[in-house]
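Paired with chain B in one complex and with chain C in the other, chain A is shared by the two complexes that follow.
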Partner chain A sequence: MTISAVLAPLPRADGSATFKSGLTTVIASVSGPMEVRAREELPDKAFIEVIVRPACGVGSTRERALEARLLSAISPVIIRSHHPRMCIQINIQLVEAEDHSDTTAILPAVINATMLALVDAGTPVNGILVSTLVETEGGRHVLAFEKGRCVLAESQGEFEMEELEQAVKEGGRRCTIEKDEEMMETDEQTVGMAIREAIEKKVKMDMRWRE
Partner chain B sequence: MPLLLPGDPVIAPASQKKQQLKLGPGLTHTPPDNIVAHKAGELIIDTRKNVIWVEGNGRRYTPTHADPIIVTVLRGSADAYICAIPSSSSPAPSSVQATLPHLAFPNATKKTRPILAPGAVVYARVSLANKHMDPELECFDAESGKAMGFGELKGGMVFSVSLGMARRLLGDGNRMRGVWKREQKTARKEREEAGMTDAGDAEKEEEWEGTGAEVLEELGRLISFECAVGRNGKVWVEAEDVKSTLMVGRCLAAAESLGAEETKDMVRREVRALQG
Partner chain C sequence: MTSTHQLDIAPIGLSFSAQTFQKLAPDSYLLRHLQRDPPTRPSKRAPDEFRAPTLHTGALAHAQGSAVVRVGDTAVVCGVRGEIHALTLGEGRTKGKISVTRNDAVEDEIKTHALLVPNLELGTGCSKDYHPGPPTDFAQSVAERLRVLLVDTVKMVPAETLRITDDDGEIKAYWVLYIDVVCNSLDGNIFDAAWAAVVSALKSTRLPQAFWDADREQIMCDPDRQLYRRLEVRELAFTASFCIYTNKEEEGEGQKWLLSDPDEFEEGICDEKVLVCVREGGKIARIEKSGGDTDVLEIMPECIRRAKARFDTWKKMLDSQN
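Take a look at the complex of A and B:
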């Protein structure tokens, strides 16, 4: 499965990212911190608004479900107290997917694209959340890791506890963003490495004026 | 300079003098002594001033005390102008509102106050910035009471650049290079004192040639124009004619991701094309 990530594909957004994983392509953009609508203003922290748009047609329950899951995954990572009474708006545009009704397969790409867009925007975050889909014999698991800890697990299907444990182990390996000697030897491209490379490339581009 | 990703821990440099360590943008301190980066960028360490910060780039501006910025007047009220701080070119509404008191101008009294029409572009300095309050602006230097270049910007055009670019145009790139050179020098001295060979290390040293402000230097050498750079990523330019003004704007946009030499070449090309 080929994974590719690009930061700042949208020149007018504060932060944006494209994330491709296999047949799934997602574009995320982040605006903010900006003014918030009065009824959504929180006195001590930033309000986070998530909008998911499908590849075709108008959004429905499926997109709302994705929004809710993305919000619960991403909001603990953002340091919201840095921008009280402000709004951080996250826009997700699904571009391509193998099966558009399969939100479990789309969710990891959505989380990764959002995380990269947040980094591009310079939004204060606690760490980098990396997500992947692990398939086991009886189930499919969306797992997200931050600093090596599993912080999100959304599973589907019938499976044993050991299967989940194994999935978490496999997911942790794929999601690590730390450079590892062992990993360098194998040619396998992991999600974590793709994300690290994309961010490194962006910072390098930002510092090109030094040359 | 080391690359930092959000969540990476930072080890505070040991300072010889008993100076308090200052953390700049991009770093969060959790007591007792954990320092963690909260955005991606390069870590800049200034051991002389004992300051560390993360240098990155962004597009959305958050008002910070003493920053010179370019604002537009929205409306007047009894004792202040309400201004919008434009930042980034994103279509989402960006305006953070700030107040510019009538008395915050040089030689202003209750009877004589500057007249600014809605829509006027003003170069001002942030006099109060706090995440819980709306920012306040001033158009004079508090120490000398003079304008110091602040005030209404008549004519000309305003161009958008990234926040990092705006900072570089104001000379931050040059200052950072100075800090870096000094750090390199002390590191080299330490290595020599330790008796290590220098040959391998010299090759390893990175190059830091540019200051990031070459575009203005080169343009200033070739044509005449006035400009004011706001830290909110706005640059006001006025040249002899509209054509030259637009050319300066084009150069600023193009210089965003170019190295020093490339920038100079690009500027020379543009000026030649303009002068025909």
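Take a look at the complex of A and C:
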């Protein structure tokens, strides 16, 4: 499965990213911190608004559910107290997918694209959240890792605890953004490495003036 | 403070009632409760204590199946209505037929023909956050989660029980079940209550005897209630929801409490939420853990243990109804 990530494909957004994983492509953009609507203003932290647009047609309950899942995944990562009484808006455009009704397969790409867009926008974050879909014998598990620990899970199927443990182990291997010796030897492209490379490339571009 | 008597009660600085404390600093209010020995939640429950549910099936006379579920102050009503989805259209020369190609091993008609249609509605004034108008994002996302669990994950209703065939076994129509959940009162954890209501309502559903009338070329139903047949339900599954509260104060920072069956006050404070759906036989059908900093592997064994115990409670309750 080919994974590719590009930072800042949209020049006019505060931050944006494209994430491709296999047949799934997602564009995310982040605007903010900016002015918040009066009824959504929070006195001690930033309000986060998530909008998901489907590849075709107008959004339905499926997109609303995806928005809720993305918000619950991403809001603990953002240091919201840095921008009280502000709004951070996250826009997701689904571009292509193998099966548009299969949100379990789309969710990891959405989380990764959003995380990269947040990095591009310079939003203060606690760490980098990297997500992947792990399929085991009896279930499908969307897992997300931050600092080497699995902090988000969404599994469905028919399985027991041991199977989840295996999935977490496999997911942890794919999602690590730390380079280690063992990883360098294999040619396998992991989602963690793709994200690391995309960020490294962006930082290099931004620092070019120094040379 | 006008009388000296009151000054005696509150000699030092500022003093206020527990309710004011709750309004001013909800986070600390919950923390002080949990720091007591033994830890007690504001609702007087222990952290691992669920609210006692009540369940009543067959309450709606004009629905094919129904259930009323109450968990603490969260109350939902679920009604199941069966309608016939005929595969023949039009009359005379314009007559057409939707052809169905199916693979018996996959049984995906429930998905392709949308034979199960769950929906959730928040009743007027069910909670203090209720706004009149079109369904809120919250209601829509809960409805979608119910649909995913019912249609994609648990697959409780087998497609064959919804088929209406002629004498030769050819499919002429399907039963479509509209499963409407209305929340009358919302005090947190709507998903567990709504899901239990859906399961119980489906379990109590009785559909009329439907047959293909070859002369009239349409589906006829037998009005005799004695001949109504029970909807086949393949397996049961029940959900259990949790909140994780993390101490954010300097003293004892990072200490966590896993709260079963959170009420609205607790849901508003805790960022991390967990849902576990357990199948009959103890296998897990679904796990949802929202982001936060709690390790999934650390918290999950305890969640699963509590969810299994909760499954038994629901199962016993449902069995006593039928």
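Just so we're on the same page, the second predicted complex is superposed on the first by the 211 of 211 C-alpha atoms of A that agree within 3 Å, B and C clash if a C-alpha of one lies under 4 Å from a C-alpha of the other, contacts with A are read in each partner's own complex, and residues count from 1 in each chain.
Here is the rule we go by: a residue touches a chain if its C-beta (ideal position, glycine included) is under 8 Å from a C-beta of that chain, and two chains touch if they have at least 3 such contacts.
Please read these numbers as outputs of a predicted model, since none were measured by experiment.
Based on the shared chain A superposition, would you classify chain B and chain C as clashing or fitting together?
These partners fit in the superposed model.
After lining up the shared chain so the two structures overlap, which partner does A:144 touch, if you call chain B first and chain C second: first, second, both or neither?
So A:144 only meets chain C here.
Which partner does A:122 contact after superposing on A: first (chain B), second (chain C), both, neither?
Touch partner of A:122: chain B, not chain C.
Based on the superposed arrangement, let me know which partner A:205 touches: chain B (first), chain C (second), both, or neither?
first
Of the two partner chains, chain B (first) and chain C (second), which one does A:67 touch, if any: first, second, both, or neither?
In the superposition, A:67 contacts chain C only.
For A:89, select first, second, both or neither according to whether it touches chain B, chain C, the two together, or no partner.
first
In the overlaid three-chain picture, which partner chain does A:155 touch, first (chain B) or second (chain C), both, or neither?
After superposing on A, A:155 lies in contact with chain C but is clear of chain B.
Looking at chain B versus chain C in the superposed three-chain picture, what is their shortest Cα distance in Å?
10
On chain A, what residues does chain B touch that chain C touches as well?
Common to the two interfaces on chain A: residues 126, 146.
Once bound in the complex, which stretches of chain C touch chain A?
Chain C residues touching chain A: 137-138, 140-141, 143-145, 147-148, 152-153, 271-273, 279, 282-297, 300-301, 304.
Taking the touch rule as given, give the residues of chain A at its contact with chain C in the complex, in rising order.
Touching chain C: residues 61-62, 64-65, 67-69, 72-77, 103, 126, 129, 138-139, 143-144, 146, 149-161, 164-165, 168 of chain A.
Quick check on the complex: what are the chain A residues that touch chain B?
Residues of chain A touching chain B: 11-15, 31-35, 79, 82-85, 89, 119, 121-128, 146-147, 177, 196, 199-200, 202-203, 205-211.
Inside the complex, what are the residues of chain B that reach chain A?
3, 5-7, 26, 28, 36, 38-42, 55-60, 62, 88-96, 131-132, 164, 168, 173, 177, 207-212, 255, 257-261, 263
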